[in-house]
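The chains carry the letters A, B, C and D, assigned in the order they are written, with residues numbered from 1 in each.
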Amino acid sequence: MAIVLGPNQFGKAEIRLVHVDRTGPVHHLTDLNVSTALRGDFAAAHLTGDNSHVLTTDAQKNTVYAFARKHGIGQIEDFAIRLGRHFVDSFPWIDGARIEIEKYHWNRILVGGTPHDHAFSRAGGERRTTVVTVDGDAAFVVSGLAGLVLLKSTGSEFWGFPRDDYTTLAETTDRILATEVTARWRYIGAGHDFGPLFDGVRETLVSTFADVHSLALQQTLYRMGEAALTAFPQVAEVRMSMPNKHHFLVDLEPFGLDNPDVVYQAPDRPYGRIEATVLRDDAPDPGPSWQAVPGFC
Amino acid sequence: MAIVLGPNQFGKAEIRLVHVDRTGPVHHLTDLNVSTALRGDFAAAHLTGDNSHVLTTDAQKNTVYAFARKHGIGQIEDFAIRLGRHFVDSFPWIDGARIEIEKYHWNRILVGGTPHDHAFSRAGGERRTTVVTVDGDAAFVVSGLAGLVLLKSTGSEFWGFPRDDYTTLAETTDRILATEVTARWRYIGAGHDFGPLFDGVRETLVSTFADVHSLALQQTLYRMGEAALTAFPQVAEVRMSMPNKHHFLVDLEPFGLDNPDVVYQAPDRPYGRIEATVLRDDAPDPGPSWQAVPGFC
Amino acid sequence: MAIVLGPNQFGKAEIRLVHVDRTGPVHHLTDLNVSTALRGDFAAAHLTGDNSHVLTTDAQKNTVYAFARKHGIGQIEDFAIRLGRHFVDSFPWIDGARIEIEKYHWNRILVGGTPHDHAFSRAGGERRTTVVTVDGDAAFVVSGLAGLVLLKSTGSEFWGFPRDDYTTLAETTDRILATEVTARWRYIGAGHDFGPLFDGVRETLVSTFADVHSLALQQTLYRMGEAALTAFPQVAEVRMSMPNKHHFLVDLEPFGLDNPDVVYQAPDRPYGRIEATVLRDDAPDPGPSWQAVPGFC
Amino acid sequence: MAIVLGPNQFGKAEIRLVHVDRTGPVHHLTDLNVSTALRGDFAAAHLTGDNSHVLTTDAQKNTVYAFARKHGIGQIEDFAIRLGRHFVDSFPWIDGARIEIEKYHWNRILVGGTPHDHAFSRAGGERRTTVVTVDGDAAFVVSGLAGLVLLKSTGSEFWGFPRDDYTTLAETTDRILATEVTARWRYIGAGHDFGPLFDGVRETLVSTFADVHSLALQQTLYRMGEAALTAFPQVAEVRMSMPNKHHFLVDLEPFGLDNPDVVYQAPDRPYGRIEATVLRDDAPDPGPSWQAVPGFC
């Protein structure tokens, strides 16, 4: 028996980078949170504190900023691929790189109905995301979104579930369905026009949520993933976490009032945890695509 | 010398209330965070644990939910006035009530360009707020917004400041100006059409931020308040907290690159704290309007 | 009628400063979050963008770091007074300064029972705080603590409250009492031995919470303040916010189980809001002590 | 090609449960955050909204509360095993259950030096954790801790790293080393005396952090894991995430001051990400132990 080093990675997390494209009078803003991680032969650093293979996390951060100036950002997937490729190609002992990016959305401020050239307001909590894993010569791209809060005030039922000794929940044919979607979809290949694809997948997920008459949050989730896969052959697989953010009808009977699905309380915790994968049965092997991606089954 | 009880208040904080207006096929959603506080003669509870004057915080919460059913919500200011009035009128020893409401915004989901009847997405971090203080027969209304993040990528200078032994900052004629606005405005009187007023004040603040060529964040703040007061005679006073969310140019010279206002890092802390009041010189007395309102000078 | 500038302040918020005293082999760690704000004649910056009076927030930050090196930290109250005094004395148009400090606690790591010379673990969420206001020649000191979470599993009753149409709460002679204490106490004068005083007031508050048989959270709060004022003549006034963090007994009857005060659920929101002031009837005038201190009645 | 359902799980997340053992005059408090997830044949719910296999998340929550009353809590690992076993045994279509528990620490309040019978203060941000996966007849136990913030003010070097075009970092033989440890260790078998084991592993990790003269955070991490594995043969594997929480020396030269490792600024982001696994080379197969455990390589 011996004690050995297992899988490991290191990098710089949460590099906050804002890029302004000022090549014309109409500025374009890109606001990112970039995290890097390198994989390879870093045994000596762990075993003896020999750092000769450790490309510092400070240098990784500098590279992110310098590449933003040198090459611009473009689509976050392309920026991540460029960064990952650079790290893997820079030293022989670096086999893999994982670049994770969150993009914050901004809207142009409207002044008298006209979009302003260089004034913006932050669009909210939703982020566009990507996790790119460069592994030797290959690149794996998982894109997604987070912080998308959706709600239907009707068109959701929940009944027909089994009843054990601990089941007290009443069946319902009309409830509020609310969730905060985290979705990640894996592309087949790494050479896509990622901007329109993101817009398309996002719109498909959201409109499917709205359109499906829901019998279970699981069913809604599956239909959303299925719709994205049907519409976009570039996508191999969709993984989603869609917590059930409960809205409970308040009992107003003690006050002589009915409550026909009008007044709800919305507790923070606990919440339902609903997570699933929808994929093509001939999806290519994911390789390291999902390694260290948090919070998914 | 004696030890005595000073100012005090108690209530229920952060009652999360969702109201669905389903009177027609097109549902309307109202999503609130309501906090109540009562003032009056509660000395016995403090001094001897005699609760005969303590309207329980649980009952206060029940009242919020019951009133939402009985009267609907309407504008948050009107809902707050109705609640505050009720508490002050309910027992002789309750002199005052402070009702604070945050309203979360939701957008209708567009399906094929058409707004959906009953499916919504959360609009982001910005909230509409009100703090209503009912004091005896009077009601004081302070409305506002929070979480509004704004940024200009040019049109902001900062120079001409004094230099002491600890000043190292360079002057600049072009910088990113970014802030997260918390604004609160006090109305003259309590009988307004609060919905259009909110929309109007908000739009005035935002478009003024965009339009003013800024020499100081203080100047931008003042102009925003001044514009709101000029446009809306119903408003007596505007208080704003507009932290300077710094964006620092990254030094790329070590990598042989220039950086002509293109690549920025955005640290979390520290940040500038800029707070000021803009008001009419003949504004009526605020009374208890600002008592216990957090974070304002 | 004219529109005018009202009260205003500006400074640098949340300067994270760690100081290591390495004058001997046993290191001493001081970990602070410092915020500054200046008051005075800053009208020109607001009205015309003339910054000739604006001591930059960057310089304020530099001053904090430089003073830490020059003078050390010592007690946070003394450090704040020194900083505030400096700002007010540095330029004739600066009348006042408000220095707010949070101090994080660290424990020495024990290795084989022996406290380590230079290895520490963070002690938790509780912070020691101070808000010092230098106003012309005077200094006002408000010290305190935040994030102190306390709980009694018995020794707390709640009954005898009035019942209106919205009261459904049952009376109880045994409940869990839990709260997160934010306390601020105002000193008489600014020349105290602040370290032992902090320790003494804190211990008095905590042990009084434990000892008092509670009939109302208001009564517990009052007794805590009263005990601090009785024990420490240097203290003029104590203000406390002690939210009632509800613990509700879970109804286990549907599962054939009793629940004699054993199993509780602990919701996040809503919570009770209990805030009060306890003071000497001959307390000196607070002046600007409480100006812009958040969350107190 | 067809679109199919992949891995999925559902349950109730963040059930806040407080248990009071009042069998004697000295109360014992257990404060938990419990999350459940079930795995098995839930295809019908996803594909057609048929819920006949869906044991509701509400029933899962009820089970947690009821089991706390019926069996008490004991060690969190044993409580999790009991819950997971119950779910897997309750219906033939449930193959697996994943129970995740966080435990918050409380200290007894000292009154005059004596620990109080029933008054407690929350011990801080650190939590004891477990993730138990029941898979058919087997149970896998991963225990750990989170939120443990450690700092060494000396005894840490960093030099000898490679320098590429983007490396500007200076080498150092003395720096602050600070981190927030998340550690998870996998046990061999599920029948241990988990309380003393937790205390032992935790103390080994912390004292090793203090004792090791650090040449790299990777080396410190490895030594900590190695020490735990050496001391506790019950442990097969340790995975740790130890972000490098940077402390940067402030440049005080512009103010005529030196700074011999005394005054530091502590930024929030970015931070180093250091993650690694230390394990026995004959460790038994982990099975589903690590499935859906967030944030580990």
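Structure notes:
In this section, a contact is a pair of C-beta atoms (placed from the backbone, for glycine too) under 8 Å apart; a residue touches a chain by one contact, two chains touch by 3 or more.
Molecules present, by chain and UniProt name: A, B, C, D = Uricase.
Given the structure is predicted, the values throughout are model-derived calculations rather than measurements.
The chain with its Cα centre farthest from the Cα centre of chain B is D. For chain pairs A-D and A-B, the one joined by more C-beta pairs in contact is A-D. With centres set at the average Cα position, the gap from chain A to chain B is 30 Å. Chain A and chain C have CA centres that are 38 Å apart. Separation between the centroids of chain A and chain D, computed from CA atoms only, is 23 Å.
Chain contacts: chain C has residues 15-16, 62, 66, 166, 168, 254-255, 267-269 touching two or more partner chains.
Viewed as a contact network, the protein chains are fully connected, with every chain touching every other. Contacts from chain B toward chain D in the complex involve residues 165-166, 168, 254-255, 267-269.
Contact residues of chain A toward chain B in the complex are 15-22, 27, 29, 31, 62, 65-66, 68-70, 106, 109-112, 116, 118-126, 148-155, 176, 206-207, 209-211, 247, 250, 252, 254-255, 257-268.
Residues 1-16, 35, 37, 39, 42, 45-63, 66, 90-91, 158-164, 166-169, 214-216, 218-219, 221-222, 225-226, 229-230, 237, 239, 243-244, 269-282, 291-292, 294-297 of chain D are the ones that touch chain A when the two sit in their complex.
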